[in-house]
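Pasting the structures here.
Below, chain A partners chain B and then partners chain C, in two separate complexes.
Let's turn to the complex of A and B:
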């Protein structure tokens, strides 16, 4: 594996919208059994929010922590499967909103729930190659779940943003290695002009989520010479509370290393933002020198895994902006009717 | 009429086999059975499958399997009788040997349910019922079972906790079974606290989506003598009934089971008390209970007492579903009957491992299509 020479996270930010709907409320509407709900509650975007506005919110927090002029950002990549525009990049709107235009490259990435870590791969590579001084990678989604479908319990809204630079002295964490594991596995998809995705029930587990994450992580550890002892935190894509814990178990990772970044029970599955918000949550508490294993999963299917080492800069920069907990704790509960309105589920 | 012998069995583990196709599963089971019998050629092949034309859009399984096995040229035919399809294939193969037209027949049961979404599988399972006016109203196999269940509890004044012991027994028996889908124990509370599939039927009283294939090599007496492999004698009988249980005189009585069982016992010159292992078709807990009564192994309204008294356990008077039954070994639809018969064969040839029931000389498998609209009774006898 070709080593990453110089790519550090210089600023990071997570954003979770204010509104929450409890799984029990969704179960009440659809007459579902309340004894085995996949999450407690999930985050719902407001009427005036979408993937782009949430991406901007997260980016602004990341910029605040990075302490750099936005004009120095040479690339804005947004990973999402809920673009407000089918044709027209979300990246341009975000770049304009934060003041990174016009000397910037902007694009959107789509790979279901791993689009965010994919954007991070490309930004890391552009910075490492010396093509740009700073780059902004975002994972953001207003995830769709068909009314009454199992997905509706978890499909949530959120965004995470990372500014990548070269100088370790200004970094909060260093990206030491990443790898990808991708196959053509159709576990979940949404075809053109369809409003909601299809999924293949339990097939989304073993041959999709677990197979790809486990192999991605194993390859990363083997190729780059890491062992499980090198890892202090493990963050996985979080479609529900159970899957990341099972993935950790399959890999032989202590559950106590996985729980600190596990937030899906309170905010739901934020799709392209899911594993990255887990990373934000861990950066909010990690100590310099600790290593974080990050492994996303995107249906279709693939997993990107990263080894990230926390740097000294974390202590100061963490306090420059609100931690993720502030957003998780800030909540207004809504019922299914308001939720249906917010998520535009009522079509005349 | 020639006698029929089982000379070899082949089983695939029942699971959600994401990495294996329908062809792969039935070929693997077939090769295992041929290896077990120690032969490489047969005179004909019969394949039983319920769902493959719907879920895989694959019919023509006879010629397909012959091709996969490199046996193209011999007669090979698919046989269908809903979830009793595998037994229908055994029946057809056995009749061919009895008639003297074949020396050795390969019989395979296969279904791969994980290729369908849950709702597709539920709809496909209703192909064994009358679509015109039962499927049409939105009834499912489980909702029909739920009605029978309610009626049973009401008529005989029996609580669900008595009937829900059946899945607990099945899971207990599956623990040491390598080919079982769910080889672990469960508690009665787990069954009673599981969500309703269709009230009062709970999830742990039903079966799950499963993939699997099982195969038998059937031979005539002359061939059996030449083969140096453990064998059992096979006697199979069949019967049918109205597709819809609520058109019958009494929904709590399955006459097809009674008829098929009596015919098989009579041909084998056996009495019910000679049967020391019973394989019931427990697609739901209540079906097992009504089957026990309909086939004369329990009094009407009292089958649950056998469960309560432990008589159906491995060391009981009538060990039942000794490899876990449909509930815990798994229920890959049309393949299931072939698993049942193969398991009886393993018992009677003393290859049942930790679940071996030593005292048994005869075993009976009941295989049902729909809610006992088709019933096969297969007796295996130690030789």
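Let's turn to the complex of A and C:
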């Protein structure tokens, strides 16, 4: 049992770029069957966007809601698998851009799609231990999918940011418990200097996503004394629309508790931001006292599960910044040619 | 090729990232980058100020023949913005198409890449403006 004494979300923010490509358009290019597409459309970063710029966007929204001076933030950690630099932390650029430098620890976390919740664990621990007053955890990605590969239909772009503090009176939600479940599972990987990841289709579902999420959630519920009746919303990592619903079914969770945070059908799989953007979407609608189960999944493989209880502060702070829906609804469709330019798939 | 040299990019990051500028304590003139003397009154007395991140679009133009080194995002839009405190500033516009722009429309600052393909491979981040969300 990992008991958390005082770690609350005091500000949160989600960002999705403006551009969308429909799965049907990708299917048209590669001659695929359009009847069984994993998502309807996915978010594509602009020509001038990357993981750092999207992380800053989400962080600024979180700061607006937190209502704290950025200089009070003592840690900035960015979880991502699409760092703009191979060597040079994204965290330092984000910290500089929001005005949190120089008395701050900054670093990047990598664990495929669960890097964001990993950053959140670390920040939560620093705050809970009293080492910092506030910390900023971000999950952000401009995910890569090889042209024509199954991943290209879903690999998307987005960011989510959470400012963690100690005082429940200024919080929007309290982090009550978390746990992790990790094994060495070769379901998805990318070697250095490679542009696109490899994945083994037969590992993706049962031995990877479902095994780790189910065990992570079961351990959390059993060890910390929660039951499914305590959960009002369930948010899972969202590689496609089907997987989170199957995970809920395997765990015996009502699908109606999972659907409010399920946004991958409209924005795709935003990798390290995926489950965290689901959490943002739920916080945009949850009521004080409700409990949220959050379970990420990262290939390689592992899952972090959290129990988060919504606090009274949500009602006021929610309206201090744009909700995620503002960004989801702000969209312009692009064709595959423009998409190829945006995602640097045309090499000259 | 026009190059953003790394030392200059580093020196200017306070303004490029956060619109942190300098104001002359004698005449009130705003300087975007650290000045030695005020261009208006010759004073050497300055204070740090953070400019507002929102304003209105006064004018814009589309750059279809960019200077060497800026081709990657071409065509792009340059806007002339009046910030909420009255400061006037030039900046690229993003997340919009020219046909969506109107004189007087509200815009807000956002951090974006302006260049990244130079020899030294430094990614130059800078404020841009987009239609207010």
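Just so it is clear, the second predicted complex is superposed on the first by the 346 of 348 C-alpha atoms of A that agree within 3 Å, B and C clash if a C-alpha of one lies under 4 Å from a C-alpha of the other, contacts with A are read in each partner's own complex, and residues count from 1 in each chain.
In this section, a residue touches a chain if its C-beta (ideal position, glycine included) is under 8 Å from a C-beta of that chain, and two chains touch if they have at least 3 such contacts.
All values derive from a computational prediction rather than experimental measurement.
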item	value
Chain B versus chain C as contact partner of A:330, first or second or both or neither	second
Partner chain(s) touched by A:316 [first = chain B, second = chain C, both, neither]	neither
First, second, both or neither for A:85, with chain B first and chain C second	second
Partner chain(s) touched by A:56 [first = chain B, second = chain C, both, neither]	second
Broader residue contact with chain A after superposition on the shared chain, chain B or chain C	C
Partner chain(s) touched by A:36 [first = chain B, second = chain C, both, neither]	first
Chain A residues contacted in one complex by chain B, in the other by chain C	none
Residue numbers on chain B that touch chain A, as the complex places them	16, 18-19, 114, 117-118, 193, 195-196, 209
Contact footprint of chain A on chain C as seen in their complex	13, 17-18, 72-73, 92, 94-95, 110-114, 123, 125, 128, 133
Chain C-touching residues of chain A, taken from the complex the two chains share	18, 46-50, 52-53, 56-57, 84-85, 93, 96-99, 322, 326-327, 330
Complex contacts: residues of chain A adjacent to chain B	33, 35-36, 200-203, 206-207
